[in-house]
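My questions will all concern the structure given below.
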Amino acid sequence: MTEPKHLFIPGPTNVPDRIRRAMNLAMEDMRASDFPELVMPLFADLKRVFGTETGQVFIYPSSGTGAWEAALTNTLSPGDKVINASLGQFSMLWGKMCRDLRLDVEDWEIDWGEAFPLERLAERLAADKAHEIKAVLVCHNETATGVTSDVAGVRRVLDAAGHPALLAVDGVSSVAAIEFRMDDWGVDLAVTGSQKGLMLPTGLGIIAVSEKAMAATKTAGLTRSYFDFAWQASANASGYFPYTPATLLLRGLRESLDMLFEEGLEAVHARHHRLGRAVRAAVDAWGLACCARRPEIASDTVTAIMVPDHIDAGAVIRTAYTKYNTSFGAGLTKVAGRLFRIGHLGKMDEVKIMSGLAAAEMAMLDSGIAIQPGSGVAAAMTALGVGAAAATDRSAGLAA
Amino acid sequence: MTEPKHLFIPGPTNVPDRIRRAMNLAMEDMRASDFPELVMPLFADLKRVFGTETGQVFIYPSSGTGAWEAALTNTLSPGDKVINASLGQFSMLWGKMCRDLRLDVEDWEIDWGEAFPLERLAERLAADKAHEIKAVLVCHNETATGVTSDVAGVRRVLDAAGHPALLAVDGVSSVAAIEFRMDDWGVDLAVTGSQKGLMLPTGLGIIAVSEKAMAATKTAGLTRSYFDFAWQASANASGYFPYTPATLLLRGLRESLDMLFEEGLEAVHARHHRLGRAVRAAVDAWGLACCARRPEIASDTVTAIMVPDHIDAGAVIRTAYTKYNTSFGAGLTKVAGRLFRIGHLGKMDEVKIMSGLAAAEMAMLDSGIAIQPGSGVAAAMTALGVGAAAATDRSAGLAA
Amino acid sequence: MTEPKHLFIPGPTNVPDRIRRAMNLAMEDMRASDFPELVMPLFADLKRVFGTETGQVFIYPSSGTGAWEAALTNTLSPGDKVINASLGQFSMLWGKMCRDLRLDVEDWEIDWGEAFPLERLAERLAADKAHEIKAVLVCHNETATGVTSDVAGVRRVLDAAGHPALLAVDGVSSVAAIEFRMDDWGVDLAVTGSQKGLMLPTGLGIIAVSEKAMAATKTAGLTRSYFDFAWQASANASGYFPYTPATLLLRGLRESLDMLFEEGLEAVHARHHRLGRAVRAAVDAWGLACCARRPEIASDTVTAIMVPDHIDAGAVIRTAYTKYNTSFGAGLTKVAGRLFRIGHLGKMDEVKIMSGLAAAEMAMLDSGIAIQPGSGVAAAMTALGVGAAAATDRSAGLAA
Amino acid sequence: MTEPKHLFIPGPTNVPDRIRRAMNLAMEDMRASDFPELVMPLFADLKRVFGTETGQVFIYPSSGTGAWEAALTNTLSPGDKVINASLGQFSMLWGKMCRDLRLDVEDWEIDWGEAFPLERLAERLAADKAHEIKAVLVCHNETATGVTSDVAGVRRVLDAAGHPALLAVDGVSSVAAIEFRMDDWGVDLAVTGSQKGLMLPTGLGIIAVSEKAMAATKTAGLTRSYFDFAWQASANASGYFPYTPATLLLRGLRESLDMLFEEGLEAVHARHHRLGRAVRAAVDAWGLACCARRPEIASDTVTAIMVPDHIDAGAVIRTAYTKYNTSFGAGLTKVAGRLFRIGHLGKMDEVKIMSGLAAAEMAMLDSGIAIQPGSGVAAAMTALGVGAAAATDRSAGLAA
């Protein structure tokens, strides 16, 4: 097969060499006596990543979509009313899943580019005197639009309303990349996947479950088996799984967690913020707009860039792919052709993101978007503060 | 971490070097324009492996257990009556899943070591004038006991009774290793996983679905989303998936299928039969018994070996693991401590299985089982016909 | 260990994923009956890369330095007079090797940044009526200064003088990257290594030998054993080696040659030329100078960039390495601290080189070099003709 | 390409997964500021492996043959008299190299199967009143015949004679596998390669040099450059190399040394002795003879097995290779067709060697050698003491 592309999609993200090496393994016996030595610390360390001490973590051989299903089927019953804000492809799909599972989902159509509407939630909860709403679903970081919603804000609204609904959060493209404080934010179900901030191949659906959500499993009437928390929990307790786990990915997860902790979770978050800001500076310099309506909701892990009206964003993506060996994310369904996306999460640094910006510039120029060559790269460097210290030294020197 | 063990568990099986190489990849964009060039042939080629021309194949990021769930939730409704023969750990667990999903499972307790009871099925179907039985579940190859059931026989019984129940078959440890003829046997749902005959790491749940079973999805009332056939089918039609697939494993699957076809499926089956017979000859030579009650139901992919009454099979396994760097399968639940299992499927040849037999001999001897050293290896060689041609030459020479 | 750096040294160069995969192998028997099926085509295909039909290729487990020694010891005798132009670190070291081997080397001190002096050679040859000069050593591409010499020109001078000296060429950083025409240029000894244009790890010293040079081995009086052509040739004839070869690298070489031929050697050369020109455009835009004195001798595989007088190039390299995870080449001996080098050979494309230029910009800015951020990237894009077609379309549209 | 064979050649040996992983790396800058952090401990740790505190170690990108050349050219002068005992293919080739390098080699033709003749050496040294003999070459472990010579004994003879000749030892197939005590044995030049006891791919020639041998370099008149100790030493002193090193293999060497020290060098030696004895027990049980004339000189790293007179050993090897996917070593030159060799060094354990013995049995049986199937495996188990403790327990139990 051909060589890999320069990868700037918002997942699967680039897998670090260390992790590739750690996964280049022979198979092993998942019932071996020393297997728990691998497994038990994974649960403990994932809790750190989710920001929870009291939650319980489950790891499924599945994609993140599987963990969405785990969140719903383990805690809800047929016909339960849930709130979902459809503000992009992935929040929209979680709503679809609610319907598949015969939940009574109240699906709010939000402008793609906007974040979760806190005021609307406040109003809705106030109206729900009977507490019919059993869960509020929030997509922390909508990968399709590059918008980050305010999960802490959702918790404040729930608390202000004294509403007992479960808070279920899709953290697929946020966890392990930007700040996620499960306990502090009162998140009940926090979902992620292996192929984003955790820098692994696709194949692990991961969920952290609050004590309140675990209690809800007792009465949850939706059917479930593969994703059943209780089945997992009984095997996990001794460091095993109820069915064959994806051992290769578990070994990779071990390395991923080691890397995250070596860098430090706060440093990881800060790096994503720094790089996200640099990308947005580039978009400004190009004279283009982010799909995210306002800077304060723009995501630090993925940036969706609106192309000029007369341009097909698909052409930019195709040019990048075929001429420049570079993969960008496409606009999905509602925004197909209107935007392209640069993923900047996971294994990403200043130099790598510069190549993504340069590739975007070249593909846009070749597609007839009249940006200034190098302008985005230059703006990103400035946003990163490159040379600032040296320049200060120089001007100080001149003044002296 | 430590070096891999000599692996003789019945899955995950040894991954060939070719496949490890093929999976040692950077991530790729699962929405790329050329991604269907990988995907479409996988479906076509898996159909060959299942022995079906009219069936439809689905590939999930899951373990084989997930494909079990897909088989049930896509075709059945709550309260549907299904027959399951609990004749080992895995057939027992499929029955458990039926209960989890609120099917009305009629779970037949069969002696572990026996195969699916065709006569009993014939009687039961005869009694089911109203065709209340919606599905018959058959574990083709019970990994826990090393017993292969007669799926063609089940079909004959169903046909003889003129019974419309779906025939759902767990082929996890049979498909791609021993003969599997989905169309000829009238299998409606054929389930497998990546980590057995396909010689891949765990992480793909694969299912082949007959036209009849696809038709059943229209009225199936069980809830499903992650494993929904329709959602998969709509995306698969153009070579994509509805959510992020495990691209690494798909690349590995490509190599696996190439390897199977290069060797030839019939040759693959013949090799498994040859090696299975050799292992059973060794068991005989040791003076021990297989868990499989009769030779004609003994599995060609895994052999479960009963240890003498006064011996703990766990000690054999521990000795093999800690002293001889070798992983054997343990006896599960009902047969814990009573047997150990040698997996001989997937990447396996004459020399490799000899090392498994030798390791078993050494671990048994050290555990106090009074076998004759080398006896199993010798019997296996003889069963393989080693030296037969040369011996014939010699005796011919002597006679001349 | 830590993650790999962004690698922009002029060798070892970035190893393509395909090659890493091809080398991720178990060991094999280098005396196996089918080993020649690997070996024989390697020799034939390397001849294509060197541009020779009549030459003979040898592959040593060594670095390129070993192949230098092979070139000299197999064809020359103690005290033989040879001409060497010391115009950078590596041509200087080949001269040192001549002295080590007790050749009578006439070492011309050339300004670092200049190419092989054709006129001086013409004069020198004219003076050598007795044909005492047995060999002329030419460094085709001086990796330390980024200067390419005119090997065809050297041949013309030799021919014009009717001089029989052997023409020995160091093609370590040119072969498989820029045009190399052994037969057309009358090269007698062409040396390369695995870790440059061939995109492999270090470990193979490769040499192509003309018929004339092979004839010279008959009378060559220097001692040799490990690098002896005759010993190699006798084993190579049947597809084997006289001592254990580096089988992993041979497997990698197979993949490397496949990749080169798939792209096409001319396309490979054109790509290096395009990228080399882009890098030089960046240097111009930065207001800096290349070590290469004149554009027409500037190398398409490595660019050595002079820093301003008051700046330590070592600081740029250190900043790139520690702050930007990027490896640039240092200035060696005579030019230590005065320049840094960007390697752009082997696995390199438009997007990758942009990240190298951006990294250089960031490291220079942080080191106090007052370049315009993004200026090099922009100039490189323009040099690559990015957006030119689209711009033409636009202005045509405006005119219409 | 095809799957790797079961590998039982005496080198390259099986590369442990840990080492394959450690070498599955991107390229790195061998002039980076932190490169010495890798390099310096390698030299120190290799000294432990050679058993020297006062020696100096050099690592070349070459095969072991290159290190042979380094030993000779750095310490001897043209015409120097050296003693070499030609007792197998490799000691014979070292003698050939002496002639290539114009040393005055006194090549003793020894029966292949015999060890270095101490008495003859004693006599010869006694006769060399003028100390014309400058070096004695000893092949510690002759890979072609499976014979280990007594290096300590050679030292005793040299000391008894008060003879100043250098003691040069080929430890290619002994170092890191069987006991090697450079300082204690007064070895002056100890040569090895990466692909044997060090369990790495071919590509590193390694030599440990005593202070006496280092002193001899001052006056050594043989020409050398690539292998020059002084050039290496000057760069090694700061943790670098004078030319591009094989960084991948150095990373692999780091892992290899870690593995050796984790197991413990004495434990490594003991394991090789245990397995060597088991193989010889198998040969006895087959009714065949080792090439090694006497048990006390039989090698613990490779066993050369004489086939019956009417049998072509090549047929055994071909059958093993083509029918049983197994690589054995062939008989070389003088013993071609008369023997085959089982390598049992490096990554090797009880179970792995059983598969080698079983493969040998199957290939021999198919080739018409009338051994008892399983007899070698059984004898090897007994030699390993398998089951002994358990049997003792049983008989104790019976007596009680």
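Each chain gets a letter, A, B, C and D, in the order it is written, and its residues are counted from 1.
Convention: a residue touches a chain if its C-beta (ideal position, glycine included) is under 8 Å from a C-beta of that chain, and two chains touch if they have at least 3 such contacts.
From a predicted model like this one, the values you see are computed outputs, not experimental measurements.
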Point to revise | Neighbouring chains shared between subunit B and subunit D, ordered by label | key: A, C
Exercise for review: State the chain with the largest centre-to-centre distance from subunit C, centres being mean CA positions.
Suggested key: B
Exercise for review: Report the inter-chain centroid distance for subunit A and subunit B in whole angstrom, where each centroid is the mean of the CA atoms.
Suggested key: 36
Revision key, fill the gap. In whole angstrom, the CA-centroid distance of subunit A from subunit D equals 54
Practice item. Two or more other chains in contact with one residue: find those residues in subunit B. Key: 1, 4, 17, 20, 24-26
Revision key, fill the gap. Subunit A contacts subunit B in the complex at 1, 4-5, 7, 9, 11-15, 20, 24-33, 60-66, 68-69, 73, 78, 93, 96-97, 100-102, 193, 195, 201-203, 222-228, 231, 242-249, 251, 318, 321, 327, 329-330
**Study point:** subunit A residues touching subunit C - in the complex, by the definition given at the top
**Key:** 1-4, 6, 16-18, 24, 324-326, 347, 349-352, 354-355, 358-359, 361-362, 365-368, 370, 372-379, 381-382, 384, 386-387, 389-391, 393-394
Exercise for review: Please give the residue numbers of subunit D that touch subunit A in the complex, ascending.
Suggested key: 17, 20-22, 24-26
